[in-house]
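Two complexes come next, and they have one chain in common, chain A, joined by chain B in the first and chain C in the second.
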Partner chain A sequence: MSIEPVLFYIFSAVLVFAAVMVIAVRNPVFAALFLVLAFFNSAALWLLLEAEFLALVLVLVYVGAVMVLFLFVVMMLDINLTPLREGFIKYMPVGLVVAVIMLLEIAVVVGPENFGLDQVAPPPRHGADYNNTAELGSVLYTVYAYPFEIAAVILLVAIVAAISLTLRRRPQTKYQNPAEQVLVRREDRVRLVKMEAEKAGSAEGAEGD
Partner chain B sequence: MVFEFPNFVPALAEIFVLTMACVVLIVDLFLTERNRVITYLLSQATLLGAAVLTVSLHNNSTELTFSGGFIRDGMGDVLKVFIYLVVAVVFLYSREYLVVRKLFKGEFFVLGLFAVLGMMVMVSGHSLLTIYLGLELLSLSLYAMVAMHRDSMPASEAAMKYFILGAIASGMLLYGMSLIYGATGSLDIGVIADTLRMSPGDDMVLLLGLTFIIVALAFKLGAVPFHMWIPDVYHGAPTPVTLFIGSAPKIAAFAMVMRLLVDGLGPLHVQWQDMLVILAALSIVAGSVIAIAQRNLKRMLAYSTIAHVGFLLLGILAGTENGYAGAMFYVLVYALMTLGAFGMILMLSRAGFEADEIEDFKGLNERSPWFAFVMLILMFSMAGVPPFVGFYAKLAVLQAVIDAGLVWLAVLAVLSAVIGAFYYLRIVKYMYFDKPGDESALQSNFDMRATISANGLLILGLGIYPSGLMALCVTVLR
Partner chain C sequence: METLLAVWEAIPETWQNLLWIIVKILAIAVPIMLAVAYLTLAERKVIGYIQVRIGPNRVGPRGLLQPIADGLKLALKEIIIPTRANRFLFLMAPLLALAPALAAWAVVPFDDGMVLADISAGLLYVLALTSLSVYGIIIAGWASNSKYAFLGAMRSAAQMVAYEIAMGFALVGVLMAAGSLNLGEIVRAQEGSLLHWFWLPLLPLFFVYFISGVAETNRAPFDVAEGESEIVAGFHVEYSGMSFALFFLAEYANMILISALTAVMFLGGWLSPFQGIPGLEDLFAWVPGIVWLLLKMSVFLFLFLWFRATFPRYRYDQIMRLGWKVFIPITIVWLLVIGVAIMAHLGPWFD
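Up next, the complex of A and B:
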């Protein structure tokens, strides 16, 4: 027996455990860290499927960028979680029933009798010179160019939406404008005022200036 | 996979809308508050240009391009032209409301145009992937539009609910699509249908995938028991956004149901018919009964939407060409009626006053007999009273259901429609037989008055001559 099934079961078990912990732990920082663990394990599963490019991208993008940002947000926001959990016990029985039924349905269908090796042939093995990234690129920008462009538009909408929801112009806020500071001229700041010389008797008070 | 260089001509309208949306986005940055009307005019010009392109490219053949991800056919062309028309009217009705409330920003129009693009992609989607992406493009734009009024707590709450439930529905849709892909080995709607025709039967994988897809579609359409977000979102969102959500996206959702269930999973009709029967019966009954208890007109129209979605599903579940044509007729008419009803709320509201309670329509006849009459047309049409067009829409889907042998469902639908007529007629009673709460004359500009009058007269005119639009629906679906 090869080592691959053993690795698969180890990674899958950790993945399921991490996914459950994401919603089960109380501390949102731990939840985010468990999500990172889940991402790493699914990346490992993809490596076993010879999808090494996707596995690396998952780690780089989701763990490296998205989850780090997410952790920042979770740490910055001061959310009191107690009111969010108020109805938890009350709704849990209903939620559990629904979840268990759905889990059973999925388990019955997505099993060996429908997706076993006799139903779906295993994908062919490729040699070490097989380039997964090039294969992906060659279809992504040709056959799947249309979905690719729509995905790009979705990202543009996300940018527009995020900016329009968060940009708040505050005219009262005091801030420095370095450009104006650098371009300032002597005449803008210093004003020479010609004054008559004052009488000697009252000059004592003015000397301090 | 063999790559064939795509033919861009069938998708010219989509390309035009995308380009213009980006142009509007850039131009808007350079406009001052006073010149913002240019954004509005450019958006209207975009919709007009897209309509010209779609009409001029229209013919009765079916064209596939972008490696099978895009389809241009008669149904798609008609639905797209109606989407442009509806969105143009939405922009027109919204303008004054937005200006008065300092919400007249370029983002409203840019996001609106991107939502239009999303709807066009959905209408023309011929692969599971493009349909899903079109839906996401539409939904993302709508979430942001609901949240646009940041200082309003109800709007933020509505946006949050809409976003979370929409995300769950998208997850369901993706899971269902992945199961269908696993069972048939293709994302292409045509290939899926061919594979299913080769191997009919009760494959468990297909059934589970179908169930998930129907749950997601019911979420997006707002059919009972997946309707809970509709009243809250309709109520909480700014009225122009409610008008947007309630009208054009329903046309796109109809197209999505047609592409997924009829074109793709058509061979499984026996299986999905039963599921749709349950959804339709519950929606019609719940929508008609719960609407009676509402005091807020936006909430009442939300429940009325749920009932209308039930009627729409009646036409689809019949599974015949007449049924599909009836459902298409229904959704187009429904979009026109919704435009008028929310347009009236927008017209009656002014600075600091929303006019979204039913009481606000009291004595409208004394304030403006003509617009009370327009509202009467709209309410009678929604209730399904002849000779208004809502009656013919209901008649068409009910006939299809009876032809499909589901007489009990037709009887249930008629009984619920009679119950539902009560709350539409209550508004008419308020308008004609009650004393007005405030006597002030209506304030609105000329283009709003003209369009809303045309909207009401169109409902009346289509009611007297429904055969033209009906014939169009039958022709493009053949």
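Up next, the complex of A and C:
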């Protein structure tokens, strides 16, 4: 028996478990760490699909950067969890209705009748020299060059907007100007004074210290 | 011998492959662990001589057994778990710090074809794994239930994210110059002579990468995560015994890894520095490539120790300014320069 199905079921089982734990655990830090585990396992599943570029970028971007910042914020929060849980029973009927509708919609879209080998042919197996990164790049920068660049510009606008929304200069805060600090010369700060020794022998005494 | 061969033949082929890979992993990991042990001794000796001291010289001849005595001492010490600390995460954090530092070695080529996993996206793999090492520090800081440890973890998280971007951009430059993500291909693209190595066309990226590497490993002068004069020992203040030793192993293993990667990407990896010089090339042709790689790595490791003995610690806002406002713009500008050089087929690197 090939080892691939075994790996697939291991990674999927851990992924589903971690995804459930993200919403089930009480501690937000644990929830964030379970999300990291979920990302990791989906990256492993993508590796099994011969999509190594996507897998590695998922780890690099989401696990390595986004979740670090997430943890950074979550760890700083000092939230009291009890008021958050108040009214759980009160809101449960509404929540259940929304959840059931969403579940049904998902079932319609990705139900079993739309999948299976008779609906979607298995993708061709690639040899060891198949390079997923190069394949993606050659399509992304030729066929999809304009959508790619438009997406990049939209992201840039979002960054600028986020910064300008949060940037505020309060008059009472003190901060240094690094450019001025870097340009400081010794002559501006230190003045060497040459003077006669006042008492003979005191210089020798100071040297001994 | 023949019975051994017969036993080997009896194992199914998948298991044979697996066993063979495990043997290779041991062949990489065990020398790294030894190198880590002796790097600690080298650090104390080098800094000692820089500060006109002798350094450790009591255990064994000329102090050569000092790392073993240190390791034994740490192994025998009690592991103290602070009250109300999160036990599982507290013990998990040192492992999370060490594992990526070792796993990244899978794609490092020691010689032509001498690599554990010759994968096409090696550079991305290295970048993804080195970005994981911050988790050990963050989790250690949070799980310790201590203010100083938490401050260290927060500092380190912000610092790592900042310098990872500069590091990633520097690697993009290497990828553009080599035209491949495979580390072996990157070395082969530098073939020719000492001047063909990427340190020359990518000089600013070379500096940015190595300095970011020093920052990523939390070494002086960027060691604010530890900052013993401000926050005692930062993220590992509550750790003792073997769990503390694992953090140390991770830090030094990361130093060796950064040195190896810098050597592979900018100094021609296993290539001989005498390549292309008429008389000397033949004279040194017998030296195996791994020796050149180890020599280049030693240069960078010495730089790590030299930095620590020389520079005072950066102030926190200066670190952030250097990462975001100096390094990232430099790398972006230099990527444009490389793009133009590649389009112009600038020799001898891009023709």
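The rule is simple: the second predicted complex is superposed on the first by the 153 of 209 C-alpha atoms of A that agree within 3 Å, B and C clash if a C-alpha of one lies under 4 Å from a C-alpha of the other, contacts with A are read in each partner's own complex, and residues count from 1 in each chain.
As a working rule, a residue touches a chain if its C-beta (ideal position, glycine included) is under 8 Å from a C-beta of that chain, and two chains touch if they have at least 3 such contacts.
Just so you know, these numbers come straight off a predicted model, no measurement behind them.
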| item | value |
| --- | --- |
| Partner chain(s) touched by A:140 [first = chain B, second = chain C, both, neither] | neither |
| Which superposed partner A:64 touches (first chain B, second chain C, both, neither) | second |
| Touching partner for A:76 - first (chain B), second (chain C), both, neither | second |
| Touched partner set for A:157, first chain B, second chain C, both or neither | first |
| Chain B and chain C footprints on chain A, overlapping residues | none |
| Residues of chain A that touch chain B when the two form their complex | 105-106, 108-110, 114-115, 120, 139, 142-147, 150-151, 153-154, 156-158, 160-161, 164-165, 168 |
| For the chain A and chain C complex, residues of the former touching the latter | 3, 29, 33, 36, 52-53, 56-57, 59-60, 63-65, 68-69, 71-72, 75-76, 131-134, 176, 178 |
| Contact footprint of chain A on chain C as seen in their complex | 14, 89, 119-121, 124-125, 127-129, 131-132, 134-135, 138-139, 142, 150, 153-154, 157-158, 160-161, 164, 168, 181, 317-318, 321 |
| Of all residues in chain B, those that touch chain A in their complex | 1, 3, 6, 18, 22, 25, 66-67, 69-70, 105, 107, 110-111, 114, 117, 121, 127, 129-130, 133-134, 136-137, 140-141, 143-144, 147-148, 150, 179, 182, 203-205, 207-208 |
